[in-house]
Structure formats: structure tokens, C-alpha cells
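Letters A, B, C and D mark the chains as written, and numbering starts fresh at 1 in each.
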Amino acid sequence: MTAEEKKPAGSWEPTLVGFLCNWCSYAGADLAGTSRIPYACNIRIVRVPCSARVDPLMVLRALRDGADGVLVSGCHPGDCHYQVGNLHARRKFIALQLLLELAGMDARRFRVSWVSASEGRKWAQVVQEVTDDLRAAGPFPHNADDAA
Amino acid sequence: MNENLYRPRLVRITDVVDETPTIKTFRLAFDDGDRPDFKCGQFGEFGVYGAGEAPFCLAAAPAHPGLEIAVKRVGKVTRAIHNLNPGDVLTFRGPFGNWFPYEDFKGRKLLFIAGGIGLAPLRGLLWTCLEHRADFEAVDLIYAAREECELVYMREVEEFEKRADMKVTLALDPVCGPDLIPGWRGRTSFVPPILEEERPSPANRVVITCGPPIMIKLVAKSLLNALGYEPRQIWTTLEMRMKCGLGKCGRCNIGATYVCKDGPCFSYDQVLAFPQEF
Amino acid sequence: MTPLNAELQAAVRRLFDDGRIQYFLGYVEDYGHTFPAILTPASDLARLTFDRRSYHNLARFLDEVRGAKVGLVCKACEVATLNVLAAENQLARENVVVVGVPCPAMVDPGRLNADSSVPAGDDPALWQEKCRRCPERNTPDADVFVGERVSTPPPAPGWPLLEEHERRSPAERRAWLAAQLALCIRCYACRLVCPLCYCRQCFVEDNKPQWLDKSADGENNLHYHVIRALHLAGRCIECQECSRACPVGIPVDLFNQVLSRDFAQRFGFAAGRAPDQKAALVDYQRDDKEDFIL
Amino acid sequence: MNARYYTLRQADLPALFDRARGDYDVIAKRRDANGNLCYGPATSFADVDFTAEQPRLSAKACAFPQIEELTRYRREGRTFTDATPAAPARPALLFGVNMCDAAAFEILDKVFSWDYKDDPYLERRARTTLFALACDALQIDCFCDRLDFPTAAVDLIAYRRGDDYLVEVRTEKGAALAEKYAACFGPAPAAEATGPGATSPPAAKKPPLLEEARPQLSRSFDHEDWALLAGTCVGCGTCTYLCPTCHCFDIQDEGGPAEGRRLRVWDHCTGRTFTQMPAHQPRDRQFQRYRQRLLHKFWYYPERFGPILCTGCGRCITFCPVKINIRELVEYFGGLKATPPGGARRK
């Protein structure tokens, strides 16, 4: 889809793809749901075994295939079901973040959060914040700071 | 450009037959009934829009209606084809390539040697010969595979076995071991030992073989060296990555030969003249 | 012939004669160029050379002579590469004889004379960028060292190309990269000259799923270069072969540079220092610093 | 037709360019984002480098683009609708193309028009007029003095004469252009009114020509030195993508199951995946892939189509990351030269 086709036609809503670790963030999102905490419904969730499973290729591919932003969420450092998966993932995402910044990509389009199974409220806040940021950023790959 | 050679026709799947866990037969028909003529040994470029196209031999006899292909699930295109059902469409370009010299085979003893899915490229010719059985002195088949689950068209092979005018030998790789395959009625042997044991005489005989490249090479070696065949008595069909089918894309070249145009059917004296990389 | 080349040829002849090696990876000079060659005991060593056009990373060609005993001319670049390969269990170090040399700093191929000869003088402006940052001109850890050791000038601080890019606004960065990547023809020279891109199947060749379209368009090209850099994160030793090999002149190692610099600052990490070093991305600290995770 | 000769004054070049722009899509040499010379659409003569210098990529993309849409499809229920894109309507003019790049088209015409006619190529080719600018001197790696490429299909050739040019009009297409813009073309000086004088490039051919390597090359397939001399090939696509005559391609679908495009994209025989089949790889080692490229150019193609598949532009040497020299290897394996490049030899 080109930026042209996706440009806001009055009621444009961003699409956010979330890669959620099975053990913490997915359960956290579940809790937000069962607790009936309202938050933006723009997120499409992909459950992964661990945040370390998220290959940066998946992030780029999601953006290329129509997502306006990607959110990866896992357990807090120290809480990983696989002991240290998220600590490895953290370094990987630091590297990805650096490269996207170098490429001039809007930092609001790739986000990472640590959300535990008990943090339903935090999950709702994170998604709301990321979605609001994407609303401000506009449809990908159109950029807010593009001339004209 | 309004029409070009790269624009496929659409062909509809009429039937899907599970041959093995990884191989399916697709029967195909054109909605307008206008099936192009083809000859035994030719191939087509079949594909699924969104996944791409790949070469498949036309596996049914030209006298039969429609088209048939046998597809082994190995890659992106074949996986996409496997996901389709009767009523879905494939893209088709073809028929391409040359064919077996059927007329030259008349009056001779034919021995088909196929390995695994290598029976598919020979099947159209085999059926045509059987339907005109009186034109041939003999029509025999040696059909081998690595494992039992790689044997295709077994319903038909069982029919062949019942025929009095045809000798059928089935074989599985010795690594399978006779005790490992309960109820196996065929042999457990590679093809060359079978040939060297039964010694089908070269007199008036033509061998038509298709299978994995290593099998073709060993079968030919055995026929040429141990049984005294002339290279011209052996015919094979080579499967290269023929992408365009038109003698342009350069992918199927063996030396100056475009397998997609000059082949895929070759007599073994032609094969021996190639730079040996296939 | 320079005294260095005479000494080098004699040393390689000895290695062959003593049966210590079956192949030698070196540079030869012919038809106006210096280029890598695979040499055997039967080869004519008279063209064996080491000069200021010996920028190719010879560790790339070890795969071609896998399993054999092999010697190779090593600059500091190759030694660092060998360390990474060893750390990743890709190298039987006992099969390799490292022939060390004093490195005179390599000339930027774009600054060679029209006849491909080396320009006179030793102006650092003629050097490849990596050579201005080089901490050690004399091959460390050499099994055999030929020639006279030279003194290493103090490394020039900074990453000029990267810093120039970082002075651009995000929009300017995108525009600059778009213009660069529009030139990319996806010949994959950058990946294929890299001695550390040794995967038998690269992600660009995957088709289940197919991560990348074959079309060389802007977005595909960007994703390719980003992921290529990521797969070298914490492994790249900054030999800049990728940029040198690019036939259309894209400074593709910009992506690698940003990671090298950041990992040095953030994790105190530099790739290729020792054969038992753990790469940055297979390691972690509980308190790794980041400022973007929610 | 018999060649006709004109003088084109340097001062008339901008006018010629501007007029041609009205009738043609003009492709000329200009500078890219990195200041390197390239062929590309030119809209102003100020951007054009009318020099004999060699651009990094050849001009083959004019008739054989790196990415070309073959069909565009859209799913309709269980079936598809598809369409082939419309051919470009305007004729194209390659303005100041190098001889080695211009000559390549005639060589490529052979493969794209034998047997099946390759419409996408031939339609682009038919609309293209080749206005070549002859070189003044050989560059370090080029070797067109060592081979004999065909030039009959080059429509116009400009030879530098001081500040001006002697233009040779060689085809009907070329004549059409010269007549249309007659105001820009003056009469040729009397000395050259029927042919370029003795000093004219293209350079005199130096024997032995590479065409003569074929008999010996065709016996070199199993030569043991291939593995050493082509062993440093890294398998990238630089040589093939920059080559004016390499034409191998792949056909790929891009898009999704709902809609997308079937494309023809350049591919390279030096790459690992080129001949890879699910259970079989005919050319498993890198030297075999390099050998395929070389033999295709100097043995297989001429055996099939006549001309060798090379115009001596030398890009595959200049830009090869490891400086493998195809001319040297043809000479060595073709028996024109006794010693292998670099002294590498297996005994």
C-alpha cells in the first residue's frame, strides 16, 4: 500500500502489530481484557514464546506489509520464563533501534515494553500511549516531518 | 505489449489425488475446453499467482482429456499448489520443450526405468504405448524408490502388474532392508544390480529412464558398460530449473544446450556430449 | 621487487617446503592490479606481493580451502576476523599459519590513479577510512612475521562518515539513504565479500517465508541493509570490505559503524579482540543500558 | 543502407538534445547521487555528460530492465484476472552511449529473438535508437581491441574531431533522426565524406582475438586450474549485473494472494541459488559457477548464436571485488597464453 492510498481520509486509524511473549505480556493483555480495562483497539496481537523469538525481520516485515507501528512486549528483566531470553532480546532491540534511527525512521513506530502477567493496567496504558503516538505520527511510510 | 509469452493461461483444478504424503496429482482442465496439443515428454510452467511458477512435466497421455501434473511439496510454489482444491486455478504456460520420438520407438522393446517421482515424466508415454501395445514388441517397467512412500501412481502400477503383456519390477533402496518393510512384494535393490542380474538384451531395445540424476547416471553406466547398450538406445528426460521455458532465461543451460528448448528429452549420446554438470 | 615482497615470497616458499601448509592465501600483482589468489606449492610465487592495494580480507577465502593446512597474509583486519571465526567455532586455528606483515595503511580504491597504480605520498587522506582508526599496524599474534615492524600513528578519533550522517535530520537521513539505496542493484557483493557472512543460506535466499522480494526497490534494499548489519552486530570487525566491494559506491558499512561505535560505548565491546571472546549479541548484562523500553 | 556522414558541432549538441527530447525519451550519461557516471533519463542538457567515459552500469536496462512487470493479477473469487502492462509509447534515444554498450544490443537480439520471440525485450528494443559516442582510448581493464563485436545495429556513431564530431549514420532509424534534426547536422568534411579517416577509433584490433579461444576453451571444461583461478570468486552479481550482455533472469511473483505482479528480474549465474533445485545442485562449487559464466560467453553462446557474449567493456574486471580477469582467463584456458594470471597453477 502506498502512503498516498493510506493517507488519512478523515477517519484513519493506525494499525499496531504487537508481538507478545506468551508468559508475561500475553497474560497481562489477557488480564487487561478480563478486568475490562478500556484501551485502544488498534493492536493486532501475535503471541510468541519469548520476546527473544522476535526476529527484527518480523518487525520490518510487519511494517512493510501494512502496519503503522510495531510493539514488542516481554517479561521484565529477571522474570524471563527462559531465565535470560529477554536480556538477549534487549540487546537485539537496542541494535535494531540504532539502525532504525540511523535510517531516519520515526522512533514511535518501533516500541518495546516490559509488561508482567499482573500488569493489566500497565498494558492498557502502554497500548494507549503507543497508539496515540502512532495517531500523531500518521500512516507509515508517510512521515510527519516529510515536506508537503 | 498486449499479449506476451510470459502471460499465462488459467487452468482449473478438477481433481486432486494424494499419491504420497508429499506428492499430489492435480488434474486440470481449461474452462474454454481449448487444451493445447502436446506430445509425450513435454512440460509446462505451472504456478499460483502470488507464489510464482515452476516447471512440471505433463504427466498424462496426450490422448487423455485435460492436463495432469504430479507435484512434490518441496518449496514455495509447490506448497502453494498443494494448498489448492478442485475449483481453484493455476497459471499455465506451455507446452514447452521437445518430446520422446514415439514413432521411432514403434516395433521395439521398450524398458521404462523410473525412480520415485521420475515416473511422472514417463507416464504419458507409458500409457500411450500401452494403449497401442500391439505396436511394440515389449513394454516393461522397472520402478524404484528410496522408500515405499515415495512410489507414485501405485493404483496404476498395480494394474500394470496384472497385465500379462507387461513385466513390472518394483524395487526399494536396500538401506530400507527387507525386514524393515513388512509385506513388501518387490525387491530391495538399487536398479543397476537388477539390470545386471536380469540382463535385458540390447537387441532392438530402447530404455527410457527418469529419476534422480544419480540414478540416471548409474543406470546408464550399467547399461553401457555391463550390458553392451549403445548410448543411442537410452533416452532420458532432464529436469533443470527451467524458469522461462522459452530458451531465454539461461537457467537450464548445459553447455550450449537449452534444456527447456532442445530438451528435456535427450538420448544418452547427447547427454554424454554435454559438459558434465547436471 | 620490494624487500618485503622478497622476504614474503621466501617465507611462503619455506612454509610450502617444510610441509606446514598445502595452500597459501596471498595477494598477487598482475595486469595492473593487486588481488587475492589461492596458491599451491606448484604456484609461481614471483607475483606474490603485499602492497597498499592489499585491502581484500583474505579470511574470506578460507572456506574455499576448508580442511587443508593453509597459510595467509594477515593484516590486523584478518587477525580480528580469525578471532571472530574461532570464537564461533568456524575455524580450526591449528590448521592456519598467520603470516604477519607491517601494514602501510591501505589506499582508498577510489583514490588510485587512472591506471590503478598507488598515488605517490602517504597523505592520510588517501587511506581507507578504517586505516585512520587502526590501533595496530603490525599484525598481532602472527606465527611468522615478515618485514620490519613499523610504528602505528595514533588512531584518528571519531567516525567522520557516521557523524556527518548523524548531523542530518531524520527527514534528511531518509532522503540521503533513499538516494543511496536507489543505486543498489542487490548484487550482494557486500554480503559475499564479508568473511563473517558465512551462512550457507542467507535470509535473502529464504523463500519460506520469503523475507525479501527480489525487486531492488527502496524499501527492500533498506531492509536488506538493516538486517545485514544486524546479523553482523557485535561481530563486524570493520574491515570495510562491504563498502569497498560495492560497485555503485554506497558506503554500506555505515550501518555497521553505528553498531560498532555504540557497542563500544555502551557495552565496552569491540569485536575480534580474542579467539574466545563472546559476541555482543550472545552476551548480556543484567543492567544493560537502554532508554527506550516502556 | 550505405553509411552517410555528417558533422555535428559541439555547439549544436544542446539544440539536438532539446529537439530530441520532444520526440524521444532521452537516456544519456549523467552523474548519480555519489557523483558516479550512470545512464539515466535526462531532461536537461546541463545534466548530461557527453563523454566517452564509462558509466558503472551498462545501457542494457533500456531494453532489459532489472525489474520488469510481466503481468499484474487480482484475485476474483476462486480465479484471477490479469493483464500485461502497456508498452511505453514513446521511442527512446540512447544519447552518447559507449560503443561497447551499444553493440551489446545486437548480440542480445539473438537470444531474445531466436525461436520464441521475447516480446517485452523486443518491443523496448525496437523503440530504441542507439546514438553511440566512440571512445578515444582504452581504459585500464577494457579490451574491445581484443574482440570483434558486431556494430551493424548501432544507428549513429559520433567520432570526436577536435571540439566537434563526425557522425556516421548507419541505419534507417539513424537516418530518420538525422533527417528530423537536419538543422543540427552539417556536411562532413570532404576528406571524411565517405568514411572516417585513418585516425578514427574504434581502435585497431590486436590479434589474437578472444574469438579464437573457442576451440581450446571447448576442451577446457575439466581443466584442473579452474578451481584455483576461479576459486576466489565470491559469487556476487556484480559482473553480471554490470555486464552489457549478461541476460539471465528469474521470474518472481510479488504481492499477496489477493493482488500483485509477476516480474522478470535480473539474476546471476554466479550465485549459489541460480541452479539450486530441491534435491540437486548441478553446480555445487563456486568455481563451477564462474566457469559457467565464462564458458557461456566465449563458448556456448557463440556456438549457438554466432557472436561471443562480450563486448570487452571491462566492467567485470574493474568492479570485481577480487579482480578476477575474464580476459586473462579466456586467454589462458583458450590456449592463447601459456601462463595463468597471478602465477597460480596446480601441478
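In this text, contacts are C-beta pairs under 8 Å (C-beta built on N, C-alpha and C of every residue); 3 or more make two chains touch, one makes a residue touch a chain.
Just so it is clear, the model here is predicted, and its values are computed rather than measured.
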Q: Give the chains in contact with both subunit A and subunit C, ordered by label.
A: none
Q: Write down the chain pair with more C-beta contact pairs when C-D is set against B-C.
A: C-D
Q) How many angstrom between the C-alpha centroids of subunit B and subunit A? A) 50
Q. So, what's the distance in Å between the C-alpha centres of subunit D and subunit C?
A. 31
(Q) On a C-alpha centroid basis, what's the spacing between subunit A and subunit D, in Å? (A) 47
Q. Which parts of subunit D, given as residue numbers and ranges, touch two or more other chains?
A. 250, 252, 267
Q) Pairwise, which chains touch? A) A-C, B-C, B-D, C-D
Q | subunit C residues touching subunit D - in the complex, by the definition given at the top | A | 28, 30-48, 56, 60-61, 64, 114-116, 179-180, 182-183, 185-189, 191-193, 205, 213-217, 241, 244-245, 247-250
Q) Residues of subunit C touching subunit A in their complex? A) 165-166, 168-174, 177, 203, 209, 211, 219, 222-223, 226-227, 229-230, 233-234, 254-255, 258-259, 262, 266-267, 280-286, 288, 290, 292-294
Q: Would you tell me which residues of subunit D are touching subunit C in their complex?
A: 32-34, 36, 56-57, 66-67, 139-141, 228, 231-232, 234-238, 240-242, 250, 252, 254, 263, 265-268, 271-273, 286, 317, 319, 321-325, 328, 339, 341-347
Q: Mind listing the subunit B positions that touch subunit C in their complex?
A: 75-76, 79
(Q) So in the complex, the part of subunit A that touches subunit C is made up of which residues? (A) 56-57, 60-61, 64, 77-78, 84, 87-88, 90-100, 102-107, 111-114, 126, 129-130, 141, 143, 145-147
